[in-house]
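The two complexes that follow have subunit A in common; it is paired with subunit B in the first and with subunit C in the second.
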Partner chain A sequence: MQLEVPLLEFDHVSRFFAGRREVRALTDISLTVAHGEQICISGPSGSGKTTLLNLAGGLIEPSTGSIKMAGKRLDTLGRRTVASLRAREIGFIFQSSNLIPVLTAAENVDFSLRLAMPELTANERLGYVEEALEATRTLALKKSRPGELSGGEAQRIAIARALVKRPRLLLADEPTSHLDDANCEQIGSLFAELHAHWHTTLLIATHDSRILRQASRLLALNEGCLTGWVNPVARRSYAWS
Partner chain B sequence: MGIPLNYNLRNLRVRLAATIMTVLGIAVSVAVALFTLALLHGLQTSFRKHGEALNLILVRKGSGAEFTSSIPLDSLGVVKTLPGIAVDAENRPLVSGEVIAVVVLSRRKGGGETNVTIRGMTDIGLELRPNLHLVAGRWFRSGQQEIIISRSVEKRFVGVDLDKKVRLGSADWQVVGIFDSGGSSQESEILADINQVATNFHRPNYSSILARATDEVAQAGLIPRIADDQRLNLDATPEQVFFAKQTQSGSSIRFTGTLTTIIMAFGSCFAAMNTMYAAIIYRSREIATLRTLGFTRASVVASFLLEALLIALLGFIVAVVAMLPFNGFVGDTLNPSSFSEVVFQLQLSRSVLFQAFIFALLIGFVGGALPAWHSARRPIADGLQN
Partner chain C sequence: MGESRGTQIIRLELNMQYWRLALLNTRRNTRRSVLAISLMAVGTAALIINSGIITFIFGGLRDDAIYGRFGHLQLYQQGYLENYRRDPFAYLVPMDEYVTLSSLAKSVPQVVSVTAELSVPIMIYTSGRASAANAMGEESGVNLRTIRIVQGKSTLSDDTGIPTVLVGRGLAEKLQVNLGDVMTLIARGANQSSNAIDVLVGGIFEEGFRDYDDWSLKAPLEVTQYLVGVKGVEKVLVFLNNAAATDKARQNIARLANSKGFLIDSATWYELAIFYRQVIAMFGKELRVIMIIVEAVAWFGIVAILWMIFTERQREMAALLCMGMSRVQLSILFVQEGGWLGLAGAVAGVVSGLLIAKATSVIGIPMPPPPGSTRDFVAQVALSPAKVLIPASLTFLTALAASIVPSIWIWRLDIARNLRPAEG
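Take a look at the complex of A and B:
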């Protein structure tokens, strides 16, 4: 029997930020994320959630320890390869949508796809873009510019942009923190639908109970350390050892 | 894969006011460069067109210019007998003793007076200048106080009109013809019979001798032979080289123009840099997002450089459009070799446009490179938090 290689592995990862006073953002994190998991990370502000996601996405490098994606250590790959990995395998969703303001909704989604799948023709790309917009229920907004959209609409288009390239890993950093209750509800159910339909591995930093409820695993972070995890099915908490 | 051009074009449109200001800043610099280059090109063309490939111009040793040269009359006979001198259909040696003097004429536009060269020659002198064509009237006749002029002289000076008399020096001269020499500096001169010029302007000697060699080999042989001939005491120079050297009259224009262009180019570079830095600060989160999506540092640098080059290209187009009305504009400068005026045309030739194009792109590149490099160097996580 062959064991499946985990999608993401953190092996004793620490991350410090140099400055007048050294900031220890994450300390000795070891973590394994299997394919298809939906993991939520919670913790107070400054606990290291964003740093953990940035490390997982190859946006920053660990100060110590190593991170593997699909069995490959990110620190051994060149900058170009990591960029290519981000383009093809990893989708990002930020607190605010971060859509390119000069492009329409469809163009924003297409922009990401062009880079991920340059082999597609314009017609094929259009099909992918419309499918992603349809999945996030924003197809009617495809010609709108980000400035013409509400926060919830823009965030759903940002999700479409992340999903259009069918990433293996979707990283979301507090995607509902700037949204009202109604929009939070919509985004929460959207994640549930997308996870069921696209089988994407999700790593979401959030405090939103509607999203936390759907997680297959909850990680608790405090002052840069993993302090525990919760199995929501069993509804039991475990101290991290 | 690079960032699509569409992204840059839209950004230029979104920041329209800043884009227009930078485009205009660059356009002013490029226009100054275009003006200087066109002016120098016109001046060089004017002198380069003056002269036949096989002609040699002989002046007194050490004088370097016709105006300061004085050649005894008997030297002409010696030169005619030298081997390698070409002859015409009537077997006459193609050697022309010539006399130049300076006359003062009043400008039609702007007032004031200026020096104009009057050249005395025989019909062989005309034969040695096959690019001279009569466009109106007739050639001057030997023994008559007649002159021929170019269209530019006719247009530029008061009282120098075809079939009219004009006072030059102490005598009245009849304008009998209008000639054309394809835009060469010859068109700045008045041509007349040698004896009439010598008499009226008290020139007992020749100013120069123009001679035609049979071929290039003979021409190359004649130069040292004339220089070494103790009877002559003359320097021989290919006519085209002799007049090309006189483009030094444009050296002050070149210096002033180049200096102005460089100073303005610095200003434009800073304007472009300022615009690009402003764009980068404004778009720092956008740049971080692009890199998060997977665009590499190199593609971000290329994209911002391309944006700066697009601005520079627009600046170039604006400058060319602004300068087009000046294409063909007739200007003048003092030729220090003859102390007289040389007329030339401002020419926006292909080479001038190409040089200005490269200059504009250089401004764009210098103005865009540093901001582009800085934008790509910034850590992605910092940009996202901005």
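Take a look at the complex of A and C:
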């Protein structure tokens, strides 16, 4: 029987940032992410959560070690191939929505889809866009521009934008940090629904307990080192250092 | 292997989407866009007006040269151009040949009229004063169209028994002659004898060139022929319906003349009008320098504005790169945004340039006499499609060239740094 290739593999990955003093953002991280997992990364500020997501998305390269996505080493792929990989396979959700302010919600989602799947016809794209907006419960806002949306609505559109291309991996960096409690609750349950219905692999850096609760695995980072991971069954038994 | 038709359509559609996004982006900060467009519009309009005024001046100089002095085309007896200084009367066109040549020339479609000229160096005596001058013997009423008559009438005649001449303004002042005064013209004839004739001052003209007005006198052709004792003409002046047809007419006349056995030399107004060529060269260079300066100002202005846009949108651009947009696509987006601004600037510049040109032409710009000229004039803005399209195209291309600069910054844009959360 052939073993399934993991979606993402970190093999002794370290990342340093040069400067007046060298910053060791991540040190010797080894990690395997299987298809369909929902992993949350937590840790204090400066612990390396964002760096880990950036490495996973091919936005930066490791200083040492290697990262594989679906068995392919990212550092061996060219800049263009990695960009194409991001367009098709990886969805990003940022701390703020980063929507294009001059486009409507639907156009923002459509723009991402065009980059990912330029071969689709206008009608096919419309179907994808409406499905993604429906999934994030924002279909009614499709003609609104980002300036007319609340923070929570904009973030849900941003999730629809990341989701519309059906990415194999969805990376979210503190997606609720700018939102109030009610919106955090909504985004938290949205991630749960998306994971349940779309089976997207999620890698979420967050402090939000409502999202952390839904994770199939929790990673704890501190000062660039993986200090532990917790599975859902054992979650109550361990405290993070 | 080339792209399939389907891929080409998709690429085109994606580009159209970018053009739209670029257009929408220009509306994000309306004041800034209006500022950029105004900068380019002012530059474009200034170039159109400047170029239009210079074109008007060129046109005036050209018409002065053609209708006041040279005609569009001059025909000579073969050998005249090389030898006229040594032996000016050995290469005249006999009158009977002139008549035939004139008929031939008039059969060419572009030709409007044909006249003849015989210039003679003379001495003028009147009331105890004397001056050397150049008597231009002309057929009456043909070559006088742009001559400004200061006093008297513009026609040459000898109907009254005593021939009437027109005197250049400077020459008239030098000789202190007025209308109706009688002058004696003396010249050395072809056979070395001296001939004299009395003439009446019928008018005083001002051609506009000081050297010309100080030394010239226009007399009936028969007067100069009498003075040198010949029955021929020095040059045949041909006038056309369009200066641009000069070379074509020259070829046609030469072909016809050759077929009839005439051996002729010819020169165009452009070859003869040395001053005109010098002015064109000087102003043409000045216009190019002004164009470069104006476009450089526009270029720096647009680069500065794009730098502001770039710094404001770094986070958004990082997000787009994160979504899989390539840096080339992002650079193209900037070029497209610059293209829209350039297009708007060029169109606004053309519209305002045309309006100002129209107003200027109605009001007129009083100008002092040009160097070497005695006449001031009222300038207008002469426009042609090329004079409008060249500045507009330059503005558009300058905007495009300026918007290539951000691609350097985009290439260096650190995605991760620009997406970094405020904390974490």
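We adopt the following convention: the second predicted complex is superposed on the first by the 234 of 241 C-alpha atoms of A that agree within 3 Å, B and C clash if a C-alpha of one lies under 4 Å from a C-alpha of the other, contacts with A are read in each partner's own complex, and residues count from 1 in each chain.
Here is the rule we go by: a residue touches a chain if its C-beta (ideal position, glycine included) is under 8 Å from a C-beta of that chain, and two chains touch if they have at least 3 such contacts.
Quick caveat: nothing in here was measured; it's all calculated off a predicted structure.
After superposition on subunit A, the partners subunit B and subunit C collide with one another.
Touch counts on subunit A: comparing subunit C and subunit B, the chain ahead is C. In the superposition on chain A, A:Pro118 makes contact with both subunit B and subunit C. Judged by the touch definition given at the top, the superposed model places A:Asn54 against both subunit B and subunit C.
In the overlay built on the shared chain, the residue A:Ala205 is in contact with subunit C alone; subunit B does not reach it. Contacts of A:Ser177 after superposition: subunit C is touched, whereas subunit B is not reached. In the superposition on chain A, contact of A:Val33 is made with neither subunit B nor subunit C. When the shared chain is aligned, subunit B and subunit C each come close enough to touch A:Phe92. In the superposed model, A:Ser45 makes contact with subunit C only, not with subunit B.
Of the residues of subunit A, those at positions 50, 54, 57, 59-60, 79-80, 83-88, 92, 94, 98, 100-103, 111-112, 114-116, 118, 161 touch subunit B in one of the two structures and subunit C in the other. Contact residues on subunit A toward subunit C in their complex (touch as defined above): 45-46, 49-51, 54, 57, 59-60, 79-80, 83-88, 90, 92, 94-95, 98, 100-103, 111-112, 114-116, 118-119, 161, 173-174, 177, 205. Residues of subunit B that touch subunit A in their complex: 1, 4, 6-7, 10-11, 13-14, 285-286, 289-297, 379-381, 384. For subunit A in complex with subunit B, the residues that touch the partner chain are 50, 54, 57, 59-60, 79-80, 83-88, 92, 94, 98, 100-103, 107, 111-112, 114-116, 118, 161. Chain contact summary for the complex, subunit C toward subunit A: residues 6, 10-11, 13-14, 17, 21, 24-25, 27-28, 315-316, 319-327, 415-416, 419-424.
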